[in-house]
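Below you'll find a set of structures to go through.
In the two complexes below, subunit A is the common chain; its partner is subunit B in one and subunit C in the other.
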Partner chain A sequence: MTLGLEERWTLIDRISKATVTFGKYEHTLKDAIGELTVKPLTGIPVAIAILYGFWSVFGSFAGTLCTDGFFVKLFDGYWLPWIQEAFPGQGDLLYRILVDAGGIDSGEFVLSDNCFEAFGALTSGLFVAIGVVLPAIVIFYLMLALLEDVGYMPRLAVLIDTMLHKIGLHGYAIVPTILSLGCNVPGVAATRILETKKQRFIMMTLLAIFIPCGAQIGIMEKVVPDLLGWILLYLLIGYFIFGYILNKIVPGRAPEFLIDVPPYRRPLLGNIAKKVGGRIRGFFTVALPFVMLGCAIVSVLYLLGVIQFLGDLLAPIFVNWFGVPAETAGPLVAAFLRKDLAVAQLSVIEMTEYQMITAVVLVSIYFPCVATFAMMLKEGWKELLGALAALVVVVFAYGGLIHLIGILLGVA
Partner chain B sequence: MAATGQSQSTASSGAAIYFAILGIVTTAFGLADILVTAAGSEFGYGILEIPNDIFRGGWGGLIVLSAGLFYLSGTRNIGDIHQFAKVAMGSILIWIMAGCDIFAMITESIPGGEDGPWLNTLPGFLEVYASPYAPAVLLLPFSLVVIYYIYQRK
Partner chain C sequence: MKVLLMGHPNVGKSVFFNRLTGANVTESNYPGTTVDYTKGWMKIEGEDVELVDVPGTFSLDPKDKAEDVAVAMLHETKDAKVITVIDASKIERGLYLALEIIEEGYPVVIALNMWDVAWDKNIRIDARNLEKILGVPVVPTTAISGEGIKELVSRLKSAKPVEVDDIIANAGGLT
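What follows is the complex of A and B.
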């Protein structure tokens, strides 16, 4: 049976009368709160409060409770002494790579007394992966999943849209940015939600340079907690400055975006568990092997004297251009493979607060970790080369600028 | 009908006065947080302690100040849903701040410390919850009143 045009409209009218209720819609409290969180004047204070809550819970759970409360004790008090005793060949090459690089005192091999200084794949590697990164990643992704499921993330995207347009992106770029604060690998994968090549390139480059991952933030919070705010502030400023420059010089389009903002909803436990579980599994299978492998390679390079050699070679640049002590050259070179351990190494070098901020910012912007590097390669070698070229320029320009600011302020 | 309207209006004006006072106190606490942090000094009085670190005092102070301004801005014509939402938002900001402070206390109270046992002793556990408290924790019970008004609106 075929319906004519008039009959179709009649049918549509009948169906809509039977299924749609017409009346005056009254705003509910949920609607009104939803509106408040997207208007800049009221939405920005709310965003500031939510980010505060995010970081406060992150620090309390990952830092105070898990790492400092239990894992430091477990690894330094039980695991390290046990494996130092149980692993054969104390002082051998394999022992120093896997268990404890140790030190030499009066010609004798001396064991380390904590997992931060041991630099073995089975000690520092495991401690960083399980004791520092894992709690940080768990709480980070839990909080993120909560914000997503409540319906706050689209509102944050709308709120920040104007600002991100200045750097050639749009509001949804906040998703890869925040994901990268947990681990850069899913962050780079999430750049695919952006429409144009230009946007994806800008986003990937900014993530690789200016967004520290959960591992780095976890270590920073443990070893330089007082300076964390300043370090993140420098990274945030760099994100916008270099995003603006990239937007001006990279050809291509940066279109507007349309977004459906859903109402606030009660999060479902099953959804949250699925999301967090999937992301943590992804971290374990993609990023964690690189964490362990990176630790072993850094140990080998240290033992072979490669890092010392490169450090000595590059020390004049670090001292004169970046204004950091010559001793930081080694950790900064090692940061190519292990940014988190490099931060830990920097924390024991004697330097001023400003030099410490500069050095840790340099570690962050210096090079993407190996896992992110591999992920960027998957997105295309042209993009990777472009991002690396931008990175070299940014490291020298921004590192030099921070030094210059320090000189002008009289603190460098 | 008229009596219901009158009682609603009385409740609205009661709520407006309550949240105006709470707004003034909250704004004062927010400003105090920021000033104490900016001065780098310490301030404590009785069960009140104003944090002076850049995270809790500076960033947190800004949030407490915003909560106060939300309250004050929402008290005019509080019967309107959009205005009342501002008051509710003020309370939500206080809950975020106080919730973070209380969560920090919980996480601090559980482990037994570097040289102690795995879990804290009972006196050590309870000690963490003793006063002094940050302004947001002291404001928390007063901010909960908004729940009563939310149910009353329903």
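What follows is the complex of A and C.
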């Protein structure tokens, strides 16, 4: 037999009266801290401080300490010269794909002198994966795990709720958004906590387009550190503008959210270690193979002249519509497969700061990586097609808008 | 035997799961960490038991996709036993879900989890009496430190389907 709603609650009431006694509740320090971080007046400054702290630790640990301080020296000083010598057949096709694409200087094949410009799977590919992306992912997930286990995320969700309602989402959308900053794949999975199809579609689309993953941020931090703030600002603005538009045009409901704000808890070291370890393993087994594959495919396409051809073909669009130099066309085409290295390639091209910002923003809002693509397909092919349509529109509309802003500011 | 871990979001189901199976399911202190189910194996008295970590759900009337997954999982495995994890400091609404599962005829064991938090909040629960009224095993637990987990597992075999009429009678009627 099953009960009706009323009957069930009556029964529960009875049971609880017979078995539970509620003592006097004492306001604890935890509660006081809890309130301070949720009330807007004190909560917003605290949130800004926490995010700023997050950001500075990320930059100094991943960028300055690990990448520049250790891996650049290791890879450029030892690994690159060694493998350039040890690998047979200098200048061969296989050599150029795996080790060093090199350059042609007055008819002679010359070797690259750093791992960023070699563009081989075993040099640039490995360096980017281990030297740049790994430290970024480790520190990101470590700090995220701390925030998660302490119980800060739901409080951040409450604080940002009003703002996210404007784009058809609610505070809890902060969870997939922040997860995506590590890797978009778990971010897409986390959209399941949103209630309606409309919300999940908006969230997935915005994640795929506007949220750069840890790998991309790590690379940007490495090659264009001074412009990173501007790039992220443009992405954030785009997130809200296009979220607002999507909310207006996508049919469906965007309900209020109800959330249990859990008490703050002391994080357990074991759990943090396990979680960070699991996520890093996930990144290396799910995402990295695609990255290496992409690196190899791009090298092949370069050698076959496909990228050059497409670049020349599309250069007028890039130059006239987006306002970036014609030389960027190649890297921007390659970015469909290889976002992170594309940023590295862009960084060595002569252009103004504003053009650089535009070009890097374009790379970020491009096609999601193959792993994210597969994850979105798993959530539904209709959603995926919709997201791709939105993507094409956004790349042109937002890229053009950034160009226009540049013209109006007189910097483009 | 197949055992499902069910309960509200953020009550510690994944913590139980990891402790019981030695697996690595992500645990966090926010509702909605688990959005898909994970299966694992544990041994009880020499028998292999399949344990499923089910996404959190407030009731058997799903409100989002993660809850859809949870309810579908329950309905697909008619022969399963269910460990219903309840936040002991919010016992009433946990009982709501537990009753729904009991009413559908599943053998249930109740874990009164976060016993330490309830204790700090000066909430005292007479677990024995609760067990007597419901007719299903009730075990106080603190999953994060592992307290009560052994007992919970040892009580699984005594879980049987219960008629809700009996619960009503034990509670002294509905009126």
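Assorted remarks:
The rule we apply is simple: the second predicted complex is superposed on the first by the 386 of 412 C-alpha atoms of A that agree within 3 Å, B and C clash if a C-alpha of one lies under 4 Å from a C-alpha of the other, contacts with A are read in each partner's own complex, and residues count from 1 in each chain.
Here is the rule we use: contacts are C-beta pairs under 8 Å (C-beta built on N, C-alpha and C of every residue); 3 or more make two chains touch, one makes a residue touch a chain.
Owing to the predicted nature of the structure, the values given are computational and were not obtained by experimental measurement.
Contact with subunit B, but none with subunit C, is seen for A:Tyr52 once the two complexes are overlaid on the shared chain.
Which of subunit B and subunit C touches more residues of subunit A: that partner is C.
Shared-chain residue A:Phe61: touches subunit B; no touch with subunit C.
Using the contact criterion defined above for the overlaid structures, shared-chain residue A:Ala190 touches subunit C, although it does not reach subunit B. Looking at the shared chain after the overlay, A:Asp260 reaches subunit C, while subunit B stays out of its contact range. Once the two complexes are overlaid on the shared chain, A:Arg14 sits against subunit C while remaining clear of subunit B.
Common to the subunit B and subunit C contact sets on subunit A are residues 26, 28. The touching residues of subunit B, counted against subunit A in their complex, run 54-55, 59-60, 62-63, 66, 69-70, 81-82, 84-86, 88-89, 92-93, 96-97, 99-100, 103-104, 106-108, 110-111, 114, 118, 150, 153. In the complex of the two chains, the subunit A residues touching subunit B come out as 26-29, 31-33, 35-36, 42, 45-46, 48-50, 52-53, 55-57, 59-61, 64-65, 68-70, 72-73, 229. Looking at the complex, you find that subunit C touches subunit A at residues 8-10, 18, 24, 26-33, 35-36, 55, 63-66, 69, 91-92, 95-96, 99-100, 103-104, 117, 120-127, 129-130, 133-134, 144, 163-165, 167-168, 171-172, 174.
Interface residues of subunit A, counted against subunit C in their complex, comprise 1-3, 7-16, 18-26, 28, 145, 148-151, 153-154, 172, 175, 189-190, 192-195, 200, 259-260, 262-263, 265, 267-268, 271, 274-275, 277-279.
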